[in-house]
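Please read the structure below before turning to the comments.
So that you can tell them apart, the chains are marked A, B, C and D in the order they are listed, and the count of residues begins at 1 in each.
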Amino acid sequence: MMALSNPSPAALHSTALEREALALEYRRVRRFSEELARPLQVEDMVIQSMPDVSPTKWHLAHVSWFFETFVLAAAGAEYQPHHPQYGYLFNSYYEALGPRHCRPRRGLLSRPTVAETFAYRRHVDDAMARLLESAGARRLARIWPIILLGLNHEQQHQELMLTDVKHVLAQNPLRPAYFARADSPAASAPPPAWFQFHGGLHSFGYSRPHDLDPLGFEFAYDNEEPVHRRYLESFALASRPVTGGEFIDFIRDGGYNQPALWLSDGWAAARENQWSAPLYWHEEEGEWRQFTLLGDRPVDPHEPVTHVSYYEADAFARWAGARLPTEFEWELAARPLPLDGNFVESGAFHPRSDGAALDEPSRRLHQMFGDVWEWTASPYAGYPGYQPAPGALGEYNGKFMCNQMVLRGGSCATAQSHIRPTYRNFFPPAARWQFSGLRLAKDA
Amino acid sequence: MMALSNPSPAALHSTALEREALALEYRRVRRFSEELARPLQVEDMVIQSMPDVSPTKWHLAHVSWFFETFVLAAAGAEYQPHHPQYGYLFNSYYEALGPRHCRPRRGLLSRPTVAETFAYRRHVDDAMARLLESAGARRLARIWPIILLGLNHEQQHQELMLTDVKHVLAQNPLRPAYFARADSPAASAPPPAWFQFHGGLHSFGYSRPHDLDPLGFEFAYDNEEPVHRRYLESFALASRPVTGGEFIDFIRDGGYNQPALWLSDGWAAARENQWSAPLYWHEEEGEWRQFTLLGDRPVDPHEPVTHVSYYEADAFARWAGARLPTEFEWELAARPLPLDGNFVESGAFHPRSDGAALDEPSRRLHQMFGDVWEWTASPYAGYPGYQPAPGALGEYNGKFMCNQMVLRGGSCATAQSHIRPTYRNFFPPAARWQFSGLRLAKDA
Amino acid sequence: MMALSNPSPAALHSTALEREALALEYRRVRRFSEELARPLQVEDMVIQSMPDVSPTKWHLAHVSWFFETFVLAAAGAEYQPHHPQYGYLFNSYYEALGPRHCRPRRGLLSRPTVAETFAYRRHVDDAMARLLESAGARRLARIWPIILLGLNHEQQHQELMLTDVKHVLAQNPLRPAYFARADSPAASAPPPAWFQFHGGLHSFGYSRPHDLDPLGFEFAYDNEEPVHRRYLESFALASRPVTGGEFIDFIRDGGYNQPALWLSDGWAAARENQWSAPLYWHEEEGEWRQFTLLGDRPVDPHEPVTHVSYYEADAFARWAGARLPTEFEWELAARPLPLDGNFVESGAFHPRSDGAALDEPSRRLHQMFGDVWEWTASPYAGYPGYQPAPGALGEYNGKFMCNQMVLRGGSCATAQSHIRPTYRNFFPPAARWQFSGLRLAKDA
Amino acid sequence: MMALSNPSPAALHSTALEREALALEYRRVRRFSEELARPLQVEDMVIQSMPDVSPTKWHLAHVSWFFETFVLAAAGAEYQPHHPQYGYLFNSYYEALGPRHCRPRRGLLSRPTVAETFAYRRHVDDAMARLLESAGARRLARIWPIILLGLNHEQQHQELMLTDVKHVLAQNPLRPAYFARADSPAASAPPPAWFQFHGGLHSFGYSRPHDLDPLGFEFAYDNEEPVHRRYLESFALASRPVTGGEFIDFIRDGGYNQPALWLSDGWAAARENQWSAPLYWHEEEGEWRQFTLLGDRPVDPHEPVTHVSYYEADAFARWAGARLPTEFEWELAARPLPLDGNFVESGAFHPRSDGAALDEPSRRLHQMFGDVWEWTASPYAGYPGYQPAPGALGEYNGKFMCNQMVLRGGSCATAQSHIRPTYRNFFPPAARWQFSGLRLAKDA
């Protein structure tokens, strides 16, 4: 990824100020992981409810392992790993780093305990603090981009901590809330409007600033590069995401029972898994309810629908006489917009209806960032000229470029500082446990 | 089972002494469950490492549910269940009591937490204490046998708590011990000797005393009754169980690779699960080691081999030119012996070599009780005239009378007060996570 | 098995007459296999509809391989195997004879073709004819019991050919009949009566005649020996098997939906496989119909119910307030009866109501032999002192003595010359594709 | 698809000549299916060796069902379907046409027999002949494009008949050849050369001629349309496909054991399925051999490697320091080339080394058409503006646009008249039983 290029001479003149800024950002991101764990009981942090889900304490340890392995151990012989087997236990998928604990068995590990996991975090954080204080300019320039990557990596796992523990709690007939809080008053969603975009040859992808400060916080993943041109036909994009109410209409119209609306693989997945509504939805005496991080509550017809698979998003779009946008259509539309929305910092932990939009339904695109990740029609593939980073860190993105679809825009579980218009998230088309929703598009 | 017959008039004259004795026994058994949980971390008590295994906290709750359901709720309307959904969560398999949480998903429940589980136990214990204090003679006589059953039931789960958590800890590459302690010095096992028994028509099964004290602690399960006659041919029984050292000989001789030694289903199970040694054994630089509740340590060649399936026991016996005894041969031989041995109360948590036996190898049978459950050649079936109890409690034993083999004698995880010569344990022939071993027999 | 003992001196005086008798019997049995295949199309003989089922052409080849391997190849170097790889393809489960084609993949073999399979049979038959003509007295005495075993083995596979091809044809929505024929007029089943039997010490198992003619056709399998004593309690046996009509009553009464009637494993199997009636039954406009070898037709309420698992038989018996007999109760009752009934030679290919019985419902037990195999409550195990034959032929019976239940009496697909009162058939408790039914028993 | 637009007025002036031409083409294509079946035994045509594979007789029936359903039955009430249940049995995946026989169970159908299947074909062919003779101009114009589609559909199934029966025969330890023939003398493959292509904005997809003869034979699938523009970067393409010899180098270099070379899903598939060479390859005494339609023979190092999955193709390319081309790079390069190569008409039934190329390795691209389908790096998706046809025929292509990769160029099992530069084949990335190979590309 971009951050792993050689340090330029300028980077060698690091100042105490920059050192301090990085240490501060490190502490900020690390502390937020622990804050997210605070509402949980020890027992909640141990469980793996399906192979895709990892226990909270595994997340907390794995992100620490990342710094231990790629920064501390790489930085020199003076670092003592906290435990000789944690490398085995907390490597997620880096084949280059040797064997590792099998993913679907993460929930079988009672040890290290939660307390030991936090001790591991402190051990790493202390060593990182010492390193940041003591590193010479050359070393700082070398580790800077890796630390930046590590912090972004931890932010990704913060989002997974929330979506994973939601899945864990949802298995429980007691339906415990992650965070108990009174609901905010519901607002109405505006009627959807269509925005037109002109086709033509456009540039896409992350454009690294020429004067990139090597000791700054500007960041993008390797899969957002290189910048390249694509020819788009003219298209239209809906002013807001599809809502829960619209999805109820789809269900009532028999959307889950009409094979003509579905991709072949989608129809098979829906039959096999007996899908008849988004994940976490259940019908009770004629009312659609959903399990949320705030507990069980009615589906708000005005909030963006979430926890739908690509297959459901695609079927809905077909039912609505529209289609999903490509990731490039989405990026073109999102580029000029301000980076605000309902992110994890709002503490809502759930998509919200965008009440403010009532006043101005047709003036601008709403909720492009935050609330729900938006499935696009684009299979996840490398951009022309894409090159993964060398070594173990190169396993970050490229090796997943098959059988996955791109999602854009971030969700209510994403950190605001983590997202940008070129950001490419990706999941297999049957995945439903992320905060994934959709926005309609059509040919102009 | 026997205990559920109608109370005789004598039972109505219960005295304060008997009341007190039962309350004492109740507290004794209940407290022991909690003592067994004491060495564990909260995290250890949450995990289900395979469908057969239940989390410690599930065991602790389920045995309480038994008293809540069959004693407290049955006793009258004045009892308030601790939680409206615990009946759903902690019913193990009683179909008559309605739907229940799916067994393989017990490990997906983070709530109730361990602390809440202990609070549930206290709630039940308090109600039980009140009931025992206040119950009139008639009611006491009615609930007495059910409480006795509940206490024996809890003792069974105490054994499962140990074997289940052993399986949980064994999944962990850190190989944490349940209970860390220095090993006792090893003693040698005596060479095996054969004891001859004469055939003929014998009686088997639990013989209820004619003057059974209805408010006493004499107890047996329904599957041990009725007493009935069987004709046995003459046979010989080995003086002691097969040892770890003898099992290593079997392995070295290629026992796991000779299909002629195995039952057809056994061979298939061994191939499918890639068995090449007892469960928890692993070879390290030419030495056989095993994971125990006391941590990882070498296989003691003098201790009884354990964690073998019926299939392995049967194959070993064939390899040794012998066979497994029937449960009736075993019972005939065990009946006159004293009920002592290495039980859970010894705190060894593992089978031991029987050093004392060195002096008298051929004088008596050794280790018939305790150390390891002994697989018999008898499929688990009802005795002639067997009748399960009516109602939900009748689901205790009879409905498992298919596809299981009988084991006899108790193990190092069994409570001494729980075992007797007529006691019939049963497991499917592929089960290995119990403390199961074997003793050889042959035709006389 | 009994037949494999050393030839006595008497055996050495074989006469031309005995030679001729064996050759005749050989041709008779072998020809019958081919007659059973005659109604089939080539395509029918290729298919394996589940792992338990083998294609007809595999059966036809496998029984020939038995003679080739155990008689012809064993007899001396002069025999040339028909094809070097047929040993690999047509060994069923004899581990001692080396690797073999995986059972569930028998339906993937288009070659040898049906025509080539028949050519293989002719090759073996010709060699067998030459051997029987030319063998000296000593050799004849040695191969005689193996040939007898081979013929009994082929009769077993004749029954499987019918039950297997029934399963194959039943998969086809076109519902093709194996043998199209008008139904015989239905007769009524007599009301059931109970026959009492006195308990006591009895002998069971096959008793080899003292003056057994070594070159005669008397035969039993090793699992029917040795003769041994057992003590039975008094019991009663129903006069006839349970009928289709009685089973419909069980269904109507919700028998498949009452867990209290079922063994735990049975309930699980019934749920998992969605059993709601015997195999091959389906309800059409309120009428129960069944697929038979004669095509689709209504369930005759008077004919013995068939294609039920042990679990269903056991649940029915419990529903009826009775139980299944043990195999020893059955044997005691069957021993004095004449060996007649509805066998494969009748050409009915389906159980029949026993109209004649109307006149004499309470005079004798009906349909003990033929019509349907009767599930017993006895797990399949070796008799006291049981020893399998040495070598590969010893794999015939003993290695299956686990997880199976004994059935007695033969069925409408069994050859009359193949059955006897001591005959022990065995299948796993969930098996339904054999002609398996049940007869009720109860404690006297 | 294009062919299904309304008939233009011109189409109404159909002449006897055009009628005759279509009847001739119909007979030509239909007869070729039967010729491909000729070398097979009846038994070969019944077997389904994995869910992806269909029995030969199913293919022969299904393609007839296509004409029966979409042409004959649609044409009017006068047509009598050959059998009322064939619609159920031979519908492949058209949800709009109602329920159908489950795909993985096609191999469980012995009936209709092969003979009955051929009778079905004759019935359909006779009705088609009558229809083509008698149809008025308006009707002919309406059915013409559907018949054209049916013939192309049948050609696709001709290719599958070969690849499917190859998989069937390969399961058989007897390793029977589809077609026995002496090998042609091997020729050497030229060393690979690179051809450069300039980037820029290009048009792709099938361009329907303005003066398309509505009663002509010009044809393309809907997924090749519409024509649209794309911007390509400059790239280079290898002069010929990767050869068996080059693939052996990859294997010898440990290509199957280096996770860094593989996509994550590819590595998982390779582990799970234990891939260590292309499908049908096996090593014998140090020599790589392969099962082909002509029987077992050595891997020719000069012939294009085939039966590799997308994952293997992708890993090979990475190992070789190159990548796979996108489908657009391939199309740009293929467009000007003559449409010749080793197609099914050659009777080779296997890719061949391109001996002629020796003289001119660097003059032109070799083997772009025929020999092996070439995996591209392009996920299968609709072109901008893509619209499937309405109704059941619209299920032909669009609903598979997920989780599949595009292959280009046709193979030794493709009919020459079936292929064109814009033709898009597609299979899941793990599929190996097609004649799939690869050609390298790289950034210019």
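Keep in mind that, in the parts below, a contact is a pair of C-beta atoms (placed from the backbone, for glycine too) under 8 Å apart; a residue touches a chain by one contact, two chains touch by 3 or more.
Everything quoted here is computed from the prediction, not taken from an experiment.
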### Minimum number of chain-to-chain touching steps separating subunit B from subunit D
2
### Query
So which chain is the furthest away from subunit C, centre to centre on CA atoms?
A
### Rounded Å distance between subunit A and subunit C, as computed from the means of their C-alpha atoms
61
### Task
Quick one: report the Å distance separating subunit B from subunit C, using the average Cα coordinate of each chain.
39
### Query
Whole-Å distance, subunit A centre to subunit B centre, using C-alpha means?
48
### Query
Across the complex, what residues on subunit B touch subunit A?
41-44, 46-47, 49, 57, 85, 88-89, 101, 105, 107-114, 168-169, 171-174, 176
### Query
Where on subunit C is subunit B touching in the complex?
93, 95-96, 201, 228-233, 259-260, 262-267, 310-311, 314, 377-379, 381, 384-385, 395, 399-403, 429, 443
